[in-house]
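Pasting the structures here.
Each of the next two complexes has chain A plus one more chain, namely chain B in the first and chain C in the second.
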Partner chain A sequence: MNNLIARAKELLENKIVQVIVGYEAGPTGVARPAFITNPAKADLLIYDERCVQNLAVYLTKPEVRNLGKMAIVATLPVMRSIMMLISEQQIFADNIIVLGVSSDGSLLDIADIKVMQAYIEKSDLGNPVKDRALLVELNKLSKEERFAYWQKELSKCIKCYACRQACPLCYCTRCTVEVNQPQWIPVQSNTHGNMEWHILRAMHLAGRCISCGECGRACPVGIPCHLLTMQLADEVHNYFKVYAGTSEKMSSVLSTFEPNDKESFII
Partner chain B sequence: MSDFEPKVVAFVCNWCTYAGADLTGTSRIKYASNVKIIRFPCTGRIDFMLLLKAFANGADGIIVSGCHPNDCHYTSGNFHAKRRWIMFKELMDFMGVDMNRITFSWVSAAEGAKWADVVNTTVTRLREMGPYVSYRDLVNKSVEEEVKNE
Partner chain C sequence: METSRKLIRKQSLEKLYNQLSATRKVYAPVIADDKQVEFKYNPGFAEVTFEHIRSTLSVKNIAFPKVENLFLYSNGKTESTITDIDLNKIPEVVLWGSHPCDNAAFDALRSIFEWDIKDEFFSKRMEKLVVIGLSCHLSDAYCFCTSVGLAPNSSKGSDILLSPLHNGDYQADILTEKGASIVNSFSELFESTSGEEVVLTTVKQKFDHEKVTSKLNGAFEHPFWVENSLRCIGCGACAYVCPTCACFDIQDETRGKNGKRYRSWDSCGFSMFTLHTSGHNPRNVQSARWRQRIMHKFSYMPDRNQSLGCVGCGRCSSGCPVDMNIAEQLEALQNI
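Showing the complex of A and B:
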């Protein structure tokens, strides 16, 4: 943590970056995002087990972008989000300095995108362990039980779209749910419309989801909506042998194809 | 249930399956009249949301069909569609939606007989499965939820 603060100070003092995106302790002790522009305030930065939010979501926000060149405190999911955003040409690699932190909280030396790529490639890219267990449980159920399970969960949805706002890869300035001609997704909250929304969200993140689980954490009513995108991340790896966010050159799975893609259900 | 006739919506591409279905007619091959064909420029245009809307509006089954791989009029539309269908199928399986109600197929403009076969097997299967009650209940329940909330 001291290394992180020292590095952040150095970057701000030497005017290499204009803003540090990191975590600070809020008044109740919860970690919250911090946008630090003054080197004297770099001491506020923290990094510990409370810091779970995926900060990459702020990289595409104009309010943060307008502050200038930034450095971002990045765990593995954040690094993968950054990789994904670069490959989708939403951010420029030159405009970002990555303050990588390993899972035990020590500062990594991420000099450039190549180093970051090497770090990502040697990490475990599957879903988080606790979510893997939940997925196994759900996949054991019968089809009817799964239908009932998701109906029960999705009936709670209040259509606040926190799952979309928290996701670093849901950056469209005009989302399909805001389209009203035609009205793809009903504005009101009802079980059927909620299901359509969650299918749409999962499909739009298929092959792009980097399994950070931020959507599930952001949900105010506790719908495990991250399991939908994580299941698809698993399937993407089963079918196409790729993990999202591993290379700055990779295009997403659904915007490309291989002539010999295998399936067994098309007659 | 014996007099139940399933409603089937077919999303087909203009260049292969639509022409194939045309050939079925000109060849005087009879097939089930339960199917309502919707013509698309390409399978790549068939958005998964359209399939969901078909179910929501009372379809009991869906056929999605287009050119065989390598035969796409736009070179690669059906390859993209294939990847999308793979993902869609896996997601719907995970959410417990019955994917036996959707038939995916490749039918070329020369395969009039295959089109008749695809429609007939789909309709026979759906007759056995019966109306799509669970999805319709869901839609009806959602309407009630809304009335209650207002």
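Showing the complex of A and C:
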């Protein structure tokens, strides 16, 4: 953590960046995003097991971008999100400095995108261990039981869209749910409409989800909606042998045709 | 009405609950499978929790449901037929065990829905509602009722307010005609009070709401809003869990010839909330939307509705995915 603070100070003092996007501790002890622009305030930065939010969501937020060039504290999911955002042409690699942190909390030396790519490639890119276990349990259920499980969970949804807003890859300025001519997804929250929303969200993230679990963490009513996108990440890996966020030039699996694509799933 | 105070023993409380539950809809808090506290209709008494700090969602849906049908329509070749909703079908509901902050929130909602023109849906639901509140013997760092003029045993909004005693019995304050009518119907369950002291939690005052309101007057352009909302991701979680947020959207949903017009919860935190047909959006950045949230609750509502738009339940902060802690921000705002 001291290395992180020293590096953050150095970057701000030498005006290499104008803002550090990292974590600080809030008044109740919860870790939360911090936007440090003054080197004297770099001491507020923390990094420990409480720091779980995927900060990459701020890379596309206008008011954060307005602050100038940024350095971002990046765990593996943040790095993979950055790769996806570069690949989808939402950000420029040159505009960001990556303050990589390893799972044990030590500061990594991520000099450029190539180094970051090498780091990502040698990491475990599957879903987080605890979620893998949950998916195994869910996949043991019969189709009917699984449907009933999701019906029960998604009936709790209040359509606050925290899952969408927390996701670094849900950056559309106008989401399909906000299109009302035609109205694809009902505005009201009811079980049927909630299922439509969550299926749509999961499908739009298929091949793009980097398994950070942020959508499920953000949900105020505790729906494990991250398991939907994580299941699809598994499916995409099974079919196409790719993990999202591993290169700055990803081809989107659902919108790229390759003559040798497997077609076994097409009815 | 003159208020009165009685004692209700634990065993009698169970009898009261069971008898109410046998004849009407009782909405009471339970701890769900996923450990979240939620209100349910007519759970068994053993399931009802008396040990919760706050339910995940507030209980405002009793008076302001997340979806309310306004009317039904049927489209013919040249004209449409409209069918009104029969408000008399709205059932009588006893809200059981909701805390003083949530009960006071009904007054804040009333100041909006009955401000000039009475909203008949809200008014009817309130008319059919009896609130048996429960004072708080537990609290946490997110609670701030004492900063908005309330307390763990405020009686505002309750018809009967139960407060726990050391021995497991409850003190019952009978506050309204509706409350008295319940007590009279089950008078054998209530005894004279022994004057024993109630067990209450202590909630530290974090700010002076009057000072905040006076500071907000003139703080519209203050850099505070941008600085303190950078981490806000613009979801509607705070508004949807809030017991006093009252914004709604109105939509038509048609299938074939038939359809319904309904209203459903909306949030001023959403980027499209104020988007005009012209394409202009007066609140086009998140800081403007965050400012609106605080201004509405602590400046516009006191000014226009003679009511604060906040009851200090802390849900917006405990439910926020990025720790937008409203009490912390209000504390800072009183000193800008």
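Brief remarks follow.
Just so we're on the same page, the second predicted complex is superposed on the first by the 264 of 267 C-alpha atoms of A that agree within 3 Å, B and C clash if a C-alpha of one lies under 4 Å from a C-alpha of the other, contacts with A are read in each partner's own complex, and residues count from 1 in each chain.
Going forward, contacts are C-beta pairs under 8 Å (C-beta built on N, C-alpha and C of every residue); 3 or more make two chains touch, one makes a residue touch a chain.
In this text the structure is predicted, and so the values were computed from the model without any measurement.
In the superposition on chain A, A:104 contacts neither chain B nor chain C.
Look at A:254: by the touch rule set out above, it reaches chain B but stays clear of chain C. In the superposition on chain A, A:62 makes contact with chain C only, while chain B stays out of contact range. Within the superposed three-chain model, A:165 lies in touch with chain C and out of touch with chain B [touch as defined at top]. In the overlay built on the shared chain, the residue A:94 is in contact with neither chain B nor chain C.
In the superposed model, A:221 lies in contact with chain C only, and not with chain B. When the two complexes are overlaid on their common chain A, residue A:190 makes contact with chain B and with chain C alike. Annotation: chain A residues 188-190 touch chain B in one complex and chain C in the other.
Those residues of chain B that touch chain A in the complex are listed here as 48-49, 52, 56, 69-70, 76, 79-80, 82-99, 103-106, 118, 134, 138-139, 141-143, 145-146, 149.
Partner chain C is touched in their complex by these residues of chain A: 26-28, 30-35, 53, 57-58, 61-64, 158-162, 164-166, 173-174, 178, 183, 186-190, 217-218, 220-222.
Those residues of chain A that touch chain B in the shared complex are 138-139, 143-151, 155, 176, 184, 188-193, 195-196, 199-200, 202-203, 206-207, 228, 231-232, 235-236, 239-240, 253-255, 257-259, 261, 263, 265-267. On the chain C side of its complex with chain A, the touching residues are 34, 36, 56-57, 66-67, 141-142, 226, 229-231, 233-237, 239-241, 249, 251, 253, 262, 264-265, 267, 270-272, 285-287, 317, 319-323, 325, 328.
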